[in-house]
Amino acid sequence: MTPMSLAAMAASIPDGAMVALPPDNSIPSVALAKALIRRRARGLRLVGVPISGFATDILIGAGCVAEVNTSAVTLGEAGFAPRFSAALKAGTLVVRDATCPAMHTMLQAAEKGVPFMPLRGLIGSDILANRPDWMVIESPFGTGEKITLLPALHPDVAVFHAVMADSAGNVWVGRRRECATIAHASQRSLVTVERVVEGNFLEDERLCPGAINATYISGIAIAERGAQPSALLDEYGFDTDYVMAYARAAKTEAGFAEWCAEHVFDNQAVAAE
Amino acid sequence: MSYKTEELLAVCIARLIRARPTRHIAVGAASPIPAAAAWLCVKQGDPLHLSLLHKRSGNPFTDGSRELFDLTGQGRIDLFFLGGGQIDGQANINLIGTGAWPGLEVRFPGSFGSAFMYYMSGRTILFREEHSPRVLVDRVDHISAPGTSEPGVFRRGHAQALVTGRCVFDFHPDRGRFSLASYHAGESVESIRAMTGFEFDVPEGVGETVPPSDAELALLRGAVCDEMLETYPDFCARVFERKAAA
Amino acid sequence: MTPMSLAAMAASIPDGAMVALPPDNSIPSVALAKALIRRRARGLRLVGVPISGFATDILIGAGCVAEVNTSAVTLGEAGFAPRFSAALKAGTLVVRDATCPAMHTMLQAAEKGVPFMPLRGLIGSDILANRPDWMVIESPFGTGEKITLLPALHPDVAVFHAVMADSAGNVWVGRRRECATIAHASQRSLVTVERVVEGNFLEDERLCPGAINATYISGIAIAERGAQPSALLDEYGFDTDYVMAYARAAKTEAGFAEWCAEHVFDNQAVAAE
Amino acid sequence: MSYKTEELLAVCIARLIRARPTRHIAVGAASPIPAAAAWLCVKQGDPLHLSLLHKRSGNPFTDGSRELFDLTGQGRIDLFFLGGGQIDGQANINLIGTGAWPGLEVRFPGSFGSAFMYYMSGRTILFREEHSPRVLVDRVDHISAPGTSEPGVFRRGHAQALVTGRCVFDFHPDRGRFSLASYHAGESVESIRAMTGFEFDVPEGVGETVPPSDAELALLRGAVCDEMLETYPDFCARVFERKAAA
């Protein structure tokens, strides 16, 4: 698989696409999120896996997002996600609140090719009351248990960062297996990587368990430190200072615009080459 | 020995952990005080298994981020911790926000796993340092996860207690109410009542929270802090006045 | 976790236990199967993950098994499983026929702590007609689709072989992640390993994706070449000649008894030490 | 060029693969002839993705043995192969056994994934080298997986064809019947009828199976055999008279 440019990858995601995006502890492709801002994507429907973080907040701030289906949007230690909160208040964003295992369950239903899967909990929560797409039944096994069925969620595109790709187009995400689930559940998977290496991870018993088969991967782009400010396994850590600075700047729309001009658009020439 | 509020709260929580048989505790990221409490139990010799979420090295999960929820679904998590932007007198918690759905007044980050973990963990300790009528309300604006469930809903556990910066409440799922277990030094039944937005029971003989012992404080500041330096550097610097070696 | 002896491990599995046992391509613990024969286990209810192989056939031949819940029992290239066929014909064994993804689905339902999970296919198959524990419903989502719900399957014990255990009791199975699923779904997991190594797999980004957390592991026993004649990843291959010789010998009850005396009981002193 | 039956069958199957758009084929362990057919298509330049199950090195699945079924459930497998201890005229297959349930006369190994794969793959090529009234029956004793499904049952695909040691049948899911596509050298419509336990249609102009071309045979014996030596050493030795380097 020949790597593509970040810009071409961003261009291949149409406006309005449903995009599964893991949060800060789960190797999001912040590089691709920034490229989506540069291509001025609109109407994206983001899926938190199972929550949403920094990449989601900057996409919202830049006006790329119509809807978020997620269990939380947070900057972690840096506090509430400012552009998410502002967009909700302004009424320019729809949030479909869920709970973490519900996001996993809906994606696993898509992974398994079944139309729905059950999940315990939920009943009595206002989350459920606000999800007309979720359905409570009495168990058909005669136990009298009430249980919620969640429909399969099929994102158009899974977007994440990986440590590396191999010659065959397999990508290596280590223990971040939720990235495998979204790759399985989604129509296409677009993956940024630190580097491309020779060989085939599937033929290496040590690397194979952390690999995702190329059969699920639609495109690869090289983006060094492409998860930053999020962490990438043992390659680099979470950049708290960067996110703290973002959180302060993005408190206002003007502050966000300034941050974005500096941190998203000024880097364009470099990132797209 | 003098102690910080955080140390008192960690000791309160540790005592609640030790009050019931506990094999496996999961602790979320934003919770250095519960984490300190769980480590304190371990360092006191309890044969506890700790799963510290978001721990960067040695993250306990190899099946992706769903594994915590699967593990809890299997009934293997005896104790979990939850907080709440609002917590009400029936132990309902609100992590959504205030004002009209979905939090048009103040939006909180969201419900995370609460609408599952609260039902499926063996029990939950609610923890919120801020104790004010703004947080401890008569009725939450939105229920992220309910304190009790109707018959026919599978539920493995409930809140064991609510620990705040002012007191410890026990929760009674049978009657869906809190009772005051103890108030921290400087508080009284009256001061707690004044700062609490919900009604609660006051058992006879309720008194001041027993302060941390010297042994508990020594463990917290020593062996517990050693374990927490990597994950919670700011907390360790602030509370224990210790920094990780660079 | 201090390793236990194979004999003690076998003794800890009570008669009548429901035991999940992966097939020949999925690192079964043949060593523990032989130890179960030596301890003269009775009434075991074996679960194929998702099919059953050599270890299941020898346990059946030795009279240890009351029931097999599986999608197939086979010796692969060596043909039909002779003691399975004989026991069925003799009426001493109950087989509950399934299909591979149904076995996975029932175990995943247990893994996820839900009472049932749906699966497509199945309808119109006589497998379904013979599984009164499976239930066909019309999808509550109003699509008119008929779909089968399978109940969660909770084995008492998961039994498999792993490459290695570490100081913390984590075990490493590489890409054989079905072993993780049965460990998650079962009450207890008993694992034989080639060796125990220092350290903690969970703290190694390269080893972690193929590891199973000690929290699921109830006991570890060292059994060198404990999967043989089955293969163990890149450590050793499938011993076709051994299984072929078994298939020939086990055609008759007397032949099996002779094989068993030589290959199970003669090794007892060595294996139990 | 003279050829072996296995080579003819591999070429028949390769032509059936190429007759319809195909991106991803999964091939089971006990199927060297379908595997050879799929490799032949690859070596003829088709942009095919092959998932060879039970391949020891480079096993394509990193999510455990359920991944094949998940992959197929997702609709990513365009073509799968199935055989049958019995196959009947409605393309029902029996991998259970003969006599009373569960195969008290002759027990076969079991149904494997057939009761899912047959519905969820884009299409299936049925393959059974033995072509006799014992195998190709009017009605299977037990249905492991049915040839067609009633309305309301999700079904992505059906049998495309049945390839045997004597002929190729096309399957017509709309009318639930096979038609004779071609008979191999040495056979005739009459000989096929005599050896087949089920009724089938005979279109006008049906003739002999086109034999393998020299180019097809050269690829099979060269590049295809190279790929198969590790997984199917006995088959390669017997059919292509080649052995793996020790």
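By letter and in written order, the chains are A, B, C and D; residue numbering begins at 1 in each of them.
Here is the rule we use: a contact is a pair of C-beta atoms (placed from the backbone, for glycine too) under 8 Å apart; a residue touches a chain by one contact, two chains touch by 3 or more.
This structure is a prediction, so every number in the text was calculated from the model and none was measured.
Colleague: Which contact partners do chain A and chain B have in common?
Modeller: Chains that touch both chain A and chain B, as defined above, are C.
Colleague: Taking a step as a move to a touching chain, how many steps at least join chain A to chain C?
Modeller: The least step count works out to 1.
Colleague: How far is the middle of chain B from the middle of chain D, if each middle is the mean of its Cα atoms, in Å?
Modeller: 59
Colleague: In whole angstrom, what separates the CA-based centres of chain A and chain D?
Modeller: Chain centres of chain A and chain D, defined by C-alpha means, are spaced 40 Å apart.
Colleague: So, what's the distance in Å between the C-alpha centres of chain D and chain C?
Modeller: Result: the chain centres lie 29 Å from each other.
Colleague: Quick check on chain B: which residues sit in contact with 2+ other chains?
Modeller: Counting only residues that touch two or more other chains, chain B contributes 57, 59, 61-63, 69, 73, 120, 154.
Colleague: Taking each residue of chain C in turn, which ones touch at least two of the other chains?
Modeller: Those would be 112-115, 119-120, 145, 147, 175, 177, 180, 208-210, 234.
Colleague: In graph terms, nodes being chains and edges touches, is this line, ring, star, complete or other?
Modeller: other
Colleague: Can you work out from the touch definition every pair of chains that touches here?
Modeller: A-B, A-C, A-D, B-C, C-D
Colleague: Considering the complex alone, what residue numbers of chain B touch chain C?
Modeller: Contact set of chain B toward chain C: 24, 49, 51, 57-63, 69-76, 120, 154.
Colleague: Mind pulling up the chain A residues that touch chain D in the complex?
Modeller: By the definition above, chain A touches chain D via 110-115, 177, 180, 184-185, 200, 202-203, 208-213, 215.
Colleague: Using the touch definition from the top, list the residues of chain D that touch chain C in their complex.
Modeller: Contacts found on chain D: 29-30, 54, 56-57, 59, 61-66, 69, 73, 95-96, 101-104, 107-120, 142-146, 149-150, 152-154, 234.
Colleague: For chain A, which residues count as touching chain C in their complex?
Modeller: Result: residues 105, 112-120, 135, 137, 139-141, 143, 145, 147, 149, 151, 174-175, 177, 205-210, 233-234 of chain A touch chain C.
Colleague: Would you pull the chain C residues touching chain D in the complex into a rising list?
Modeller: Where chain C meets chain D, its residues are 25-26, 49-51, 70-74, 76-77, 80-81, 84-85, 88-89, 95, 97-102, 104, 108, 119-128, 130, 138, 144-147, 175-181, 231, 234, 237-238.
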